[in-house]
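First, the structure itself, so that you have it in front of you.
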């Protein structure tokens, strides 16, 4: 199959935008025709994103607004914008029937009130929520392919939903009592020139933040509740780690009555056996974020503690790949019938 | 008071040994007369520990064995050795009545069977256990000053006992159900030339290990149980973080019935108000390991989560200072009636 | 062209071996049939190199010795071994007519006496030197394609020969008086479990070594002398930097009489214009190792200093890609008529 | 001698300001009475600089302007401000006869025209230049103690003047032909919230900047020329390294006719023998920035290269201590007759 599609990226100068550009520039089924950045409009892409030097020659950042992007005749558009801004592009794109994959939080929640509660402002496009689909490819049933607007999951949520999704779906975990602890690389905060994100502030630093009610909780609990068929409430404590990329999530949950880690492994095997982007680690092997950074994989391990009766689950991923841009490309691949791993190896 | 004491360090070439040497070399009440290292015997200290260049001129590493050290006429000896090895020095030192502060695990547990269960070999000197005192200066009642052999706490345990000790002592926490997650700098593993600790392996890496039954659990649970008057069992998940020094511990525990974080703050204030090495952070401020590395302080914060009814506690310290050598010097200061902070600022 | 070749990697468990495996596993023209490691013989590749988890299933490390590898019927073999060991494999491979790309120093020098002077032992296979070709694809004339044994250049040499090669060839630089300063990521030392390479030793450290006569000088000066047609002697000062990957080389050289940076830029443009793996930066833009790590590119910049009459040249590359495995794959691609960038983007 | 002095710090919230506060808070001869920060006026010092938590209780940042600081009755004031701003404080302080140590560039150059050429704006207080003394304690003759206004040297200049000063003074080096290459930790740029200094931009990055004419050249060449009695012009190439603190400077210079490294070592020994803050390394030992970060020391090594006839000199220091605040405190100690190392160990 030699068919290829035309693609645009809105907001391509941030960290997840850069990864999208780099990966799509090498994707054999994609012609990258439009990349936008208000700040860098007019500049060659490889001048702003020097990793691309020598590639994409001729492509410059455009200042294209929502209507222009929607009218550009593209087959698919990625939105790599802050929440709020994404919706303003999604509206005309959906109206024009252009397939859109949004990496922001704008269409991850089904309830605009919940959005407002967690994001602090009214939902920017509630009328689109009914059409949007939250797609975590390994978990979401395949009927999403008919939608026009896809919400790609957040980085923390992916590291939590991949391990916990099949367990809640199988009734292995209680709706309350799960404790989640995550450490994230600094790129998760985006390319913000704030003191907190300076090299000298983050180097050598381990630091919690967003406790007890990080925004991603809204998305985590909505998805888990849907899978569990009951309202799930979790304790989620995120931290900043001195790495550019990578998330390590450690989850403590009560083991099902009388069980060890067996039922968890079986549920994972059923859900993910043969899937290219989920690594199921054997007993006694722990994941390491260094082994997944630069890949689109989530690595999972589970340990039963007979002293406490708990399960300890570790999950790791690259927040810019499986936690953002890689997952968005994976969604594109599946949507268009490409090989799932195309453009995502190594 | 111009009095000073003569001090020796056994095993001075490792990371905690180096910090002991550096701090004691500048301590106004201490004359450092003996530093030993089998590997570096005969070499000037500042050749092996180049941070000390230009200081301690004339002092060389000695190969002195246990009897020699005990007979050296020192007022106090620090043992910075692996567990097992420490006991062989402690025996003649105690027999000679030399005050000894052991930084290893050899005398932290009261029960030799528990030692064997967690450390995998028979206790090397069970006859000394009755004489040894586990001393965490902010928690241990002051009657330890009459002992000869002091066990300084481990790094993870200090980051856990300081926040939880007063809470268990006050009956604020249940014996089961507390979940502890820690990230440690790589120096916590000592100066071991193993692949796991290579720069390229640890750089950029977040990695769990020792789950579900790290050796330090033995010490954590023994101390908490003693304070609680009941057998405490916790879930403890340690991780390696890509920093040379620093521990961040995040603890989730059920809040006492109907309470928010108030009782925790009050218990901490009672236990630690005015103590120089415990920082109690105001509501909404999170600790950062970068703010304590290079200091002997533990910084504590607590957050109540009304959604879950849990408390989230964060504690951070420098594993080589408050988690090892700094704490040992603090013990020395208190033992000899020196200013508690002497040699430990900044 | 759908043709593909069968490939083996000898010594695949080190850092450059791992990169070879990862890249070749995704290379559309390559079937990776044999990977060897004495230490890990019998283990699945993805168990030892967890970045490969879920890929290359079924492939295990073999313990195959030189004769076995040579008899394996492979089209091409990469040798990722220490110097000395590589030659023992090269001998039967060359005898069997198997195309061999050696990443070690064994065949980079034409004179065995020079090898002995710099590497401290007799050359292990002087009889093969006449057949071996040193190939830096952007500099070496294309007639090397007829050889059987190719020596891939070292990491420092590549960062120096790419910028200086065309300048010496064009007579723009004098044989003496060039000063070269390089900083390298720690993976350049390989996966050696030595104290010097521990995380806590290298983290936060800037450190010279190998001054004034690093082994790579032999290769640098031999190549530059050949291009200059005169004996070139340079001052080369390497350093370790606290990064896993990346080299930054800064070169100071006298500008040709009366000239500014123009002739250098022209010589580079002539040599490298249109080549995919050399980035020529515009005036006033400096290279950054972060922009090339993960790519197979060398980025070059030159600045003229009117105060001193010198040129300052900066060159950067990823020591494991353009400085080792990426360059070896590039050689393979050119050798077999594949697209030069195949398997090397992004 | 139990005498102590009252001290103020203007601009205490930056990186060098923070180190001043931390060190002076523990200095037995100093009462820190005034710390200013426009941005943080009114806040407790330990709230803004959390490393100080639990210390300096009661001390808050003041917004005090130049006249107020001058009228505060302090014995000594440190100015840790950007160039230009420092002069506005220096003027009334000098008028009031208050001893002032300026860490900025404002009084390091004797010629206002040179200041304008390198700093891009007219000198802010040329009338004070005659009264100001540039003091690098190990190099500057002791008659500076009678001055009122002291310019503390820059970080790069200290790493260059300490090794080269005695050599130029002894006539061992030529006025032209010396090549200097430096790598600096990111804190050298100050606490600026700019994209270039973000964690994700600097992590893993080696990057030149300021070539060929960094501002510090003005100071380096003025000092060296004064010592040489001739106009010295050097090639200086600074780089950013991914460390928070530390500078490594590598200098290549022609060896004096027929000489090896002997005369350099002798000159250093004469100049620095017995000085506490200069480490002279034995032949074959290279300095490491990790060994001096956190100390006020410069470590020096020299290697003769018989192949080229050059000397290679390595010098390393902590840019915030010997390169800024530590050196300023050292100047204060000498000025007031305190022990030179007071407050600077470890």
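Structural remarks
Chains: A, B, C and D, in written order; residue numbering restarts at 1 for each.
What we mean here is this: contacts are C-beta pairs under 8 Å (C-beta built on N, C-alpha and C of every residue); 3 or more make two chains touch, one makes a residue touch a chain.
As the structure is a prediction and not an experimental result, all values here were calculated from the model.
The equivalent interface to A-C, defined as the listed pair sharing over half of its contact pairs by residue number with it, is B-D out of A-B, B-C or B-D. Greatest centre-to-centre distance from chain B is found for C, with centres as Cα means. The distance from the centre of chain A to the centre of chain D, with each centre set as the mean of the Cα atoms, comes to 46 Å.
If you average the Cα atoms of chain C and of chain D, the two centres end up 39 Å apart. Contacts with at least two other chains are made by residues 201, 203-204, 242-244, 288 of chain D.
Of all the residues in chain B, the ones that touch chain A in their complex are 176, 179, 181, 183, 201, 203-209, 211-213, 233-235, 237, 239, 241-248, 250, 252, 286-290, 293, 301, 303-305, 307-308, 310, 312, 314, 316.
Only residues 22-23, 25-26, 50-51, 53-55, 204, 276-279, 281, 288, 291-292, 294-295, 297, 299, 345-346 of chain B touch chain D when the two sit together in their complex.
Contact residues of chain C toward chain B in the complex are 15, 186-187, 191-195, 197-204, 242-244.
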